[in-house]
Amino acid sequence: MLTYEERSKLFTIAEPINGDLTGKAVLSVEQFSRSDLDRFFEEADWMKRIKEQNGSTDILRGKILVNLFYEASTRTDSSFSIAMKRLGGEVHNIVGVQFSSVSKGETLSDTVRVLSGYADLIVLRHHQKGAAAEAALAIHKERTKQGLPNIPLINAGDGVGEHPSQALLDTYTINQKCGGLDDLTVGLVGDLKHGRTVHSLAKLLSLYRNVKLIFVSPESLNMPEELVEELKAKGVQMSVAKDINEVANEADVWYITRVQKERFESEEAYQAVSGSYRVTLDTVASMKPTAIIMHPLPRVGEIDEAVDELPQAVYFEQASNGMYVRMALLSGVLGKW
Amino acid sequence: MLTYEERSKLFTIAEPINGDLTGKAVLSVEQFSRSDLDRFFEEADWMKRIKEQNGSTDILRGKILVNLFYEASTRTDSSFSIAMKRLGGEVHNIVGVQFSSVSKGETLSDTVRVLSGYADLIVLRHHQKGAAAEAALAIHKERTKQGLPNIPLINAGDGVGEHPSQALLDTYTINQKCGGLDDLTVGLVGDLKHGRTVHSLAKLLSLYRNVKLIFVSPESLNMPEELVEELKAKGVQMSVAKDINEVANEADVWYITRVQKERFESEEAYQAVSGSYRVTLDTVASMKPTAIIMHPLPRVGEIDEAVDELPQAVYFEQASNGMYVRMALLSGVLGKW
Amino acid sequence: MLTYEERSKLFTIAEPINGDLTGKAVLSVEQFSRSDLDRFFEEADWMKRIKEQNGSTDILRGKILVNLFYEASTRTDSSFSIAMKRLGGEVHNIVGVQFSSVSKGETLSDTVRVLSGYADLIVLRHHQKGAAAEAALAIHKERTKQGLPNIPLINAGDGVGEHPSQALLDTYTINQKCGGLDDLTVGLVGDLKHGRTVHSLAKLLSLYRNVKLIFVSPESLNMPEELVEELKAKGVQMSVAKDINEVANEADVWYITRVQKERFESEEAYQAVSGSYRVTLDTVASMKPTAIIMHPLPRVGEIDEAVDELPQAVYFEQASNGMYVRMALLSGVLGKW
């Protein structure tokens, strides 16, 4: 538990972005306003152009990123690492930390305090909710004590907590493909109860005008009630469906996530409903021709491979956007916007 | 199984080198002609001079290699990584992929499609034959769909399939040490049945004039019959021996590989013959003074350590050549020849 | 066992520093004289200024470090890696080598001979005492045979043997915080029997004038008798105490290390004494106001977290100094002093 004093300190390092990421901890999508997102998407567009025209730049030459991943995550780890390298910076990867000091019983706070003495920036992936805030606070305390400037930290997923760079790349992709985020109907499909991805995405979408959400999930994996209340209070219109095929033509964006077999009482219970959350060629045939199909990946059968070649399937471009979005984040917290 | 259409697409990305590696997938030694090898050796020589005179260069500044190793392989991984760094490029290593997305059930095709959105080049090591071709095809499809140029892929070993950079460094070493590859007698020793290394080497040697091969292996680990037929058709002269010591004076090059105990019915069966495939000081004393002894490494007793200091022992230089050859490959597929 | 001839060769590559680290193997603190340390601290100060003023430099541009860690060690691995990157060099990390060639039975000597063909410098962590010397010798032999200059190797911990860069960062920190190393009283606390860290530190301190050591440890984990004799012969004054709280006011430097529960006969035996080696706010209240508290980290309860915010607590700065010291070592062996 954080004390009141600790919470106040945390606020000063994880405060609202307000157009400037420099030196800040990026812990939650709730730090971003609509105008922060507008600005952010511009920077990400710029990064995309750098990649396509020159491959790389050197604005972060001499800067060192430590990727501290207590859980392996190829996609997130790789895209942050390569984003940093494309900006001219260097990366030190610490993946699967159970093999090292941590297995000797060191606390997360001690580990990040040490690493903040070596690095210019830390990206943290951890299995416990709140780990990123705890780490950011520990760094802030030690740096303040030593009279040194803060070392920014980016939350790359803290258990069932947040994963802000994922929600940023999702909204960036929708913005890019749909020409904006107002007046859209977005279908969220799969396990909506445990998916931090869909929770963060829904929160960011609530910043936009006239957004409608369609939830398609097994009843036991419904969107959490308190999040539904929060979205309602912000004016988001919501509806629920049992089968994506029944409402396929209603959404501009279909965001598919995985439904894990293990969440069901039996194999039979799973098989009985799994088709309702799966995208096939038939499903796509019922969609609007301009609809896009997204997935945070990895997928395990939720979208048939035959769908990959259709223009609606943008999930691999979405993954590529992850790199541009992370380039924008890294350059932002290091003061290069 | 690949469809006919898929095979045709594959042909266009893994086609014969014909003097230009730019943008191509390097899947098999069969893509190289004799004149491709001549050209390749010149480039590798050039890389050796760069290393010896300047250490590094920066012709690949800003380019990013992803090393995707489903199986760890220190030597191959390290030499590709360091080759890339010596050319001024950057590397992101993904080793032992079982820890990450893949353990969530993602297919190889999905993984490489995502990575091809981040990287300029992928080097793949996988335990299944055909994996490299499958991956190259998946990348090619996705890049074509997105209207982007292809991302080259280098096969760094696909199970019992191919490992072309190993065969290239082996022939490069023979060419360097023997002043050419025509008119040579090469002894291949050890497990000739399962060794993709010796198979690929034999194929490349068959491109040269008046090549004689001597096979020294336990009967149960003989060279596969269909490869023997293929070599015969290309005019390679072949003979078989039971013990390297009986024919030690016949070869210009001795290429030693490991014979695994596990291949034998019993420890006794192994002990009874293992001396016949082992190189000792006595074995070397019977060799031509100009003969060279090679080994793909790691060795586990096939060559006595006392042999290491003799001029005939070139296996550590052979390993060093691996880096020059990989520098030539990397710069080639990225269009820098 | 090394032969006489091998020992002599080893002497030429791991000889006394004598003001010049270029091309040398750094295996032991015993290679450093007092004037070597003076010079070394100046270089480390310089590295600290580079970090604080510019972040990075490029004096090692184009040089490649291989970090070969048979045991994972986040702190040591990270600080060497990032030190190299801050100097403009590149790093290839091989951590947890059990997954690779080594699991195929390759010897350490073979592994480093291969890697010395790729790298400009090797940092080795190994679980066996003497491993670093063996590796340095193997590299030296192969390089000599090939007529090439030596590749330096730095011992980053060889079992119960040495860990010279740790002792260098410890003395550097004391020198920095206390304005010198003469006339100091240093308390060494914890497991003094097995701790290579305290052994190497005591050896380096013995190079200074009027040094007093206080040993605080369970009787079964006392300082080894032969080391005590060696220190006595060098004029070091030593005393022993049972509880840090009884002598807290006597030392200028308190160096705390871990006491592992497993070293005791029972949980009760451990609990009965563990308070005697633990630093609390009360302990610090009894210390000299100018005393400093050090710890090689990771800590697991030996120092209360409440102590972290006090000015006496310098262990995180000590960790940061590890990077500057390693920058000085790396640039030194590559001839950049």
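Descriptive notes on the structure:
Letters A, B and C mark the chains in the order given here, with residues in each chain numbered from 1 onward.
Note that in this section a contact is a pair of C-beta atoms (placed from the backbone, for glycine too) under 8 Å apart; a residue touches a chain by one contact, two chains touch by 3 or more.
Per UniProt, the chains are A, B, C = Aspartate carbamoyltransferase.
These figures come from a predicted structure and were not determined experimentally.
If you draw each protein chain as a dot and join the dots that touch, every dot ends up joined to every other dot. Chains compared, chain A against chain B: the Cα-based superposition rotates one onto the other by 120 degrees, nearest 5. One simple way to say how far apart two chains are is to compare their mean CA positions; for chain B and chain C this gives 40 Å. Touching two or more other chains at once are residues 93 of chain C.
By the touch criterion given at the top, residues 54-56, 72-75, 77-79, 81-82, 85-86, 91, 93, 95-96, 297-300, 305, 308-309, 316-317, 319-320, 323 of chain A touch chain B in their complex. Residue ranges of chain A in contact with chain C, taken from their complex: 61-64, 66, 90, 92-94, 97, 99-102, 104-106, 109-111, 113-115, 117-120, 141-142, 145-146.
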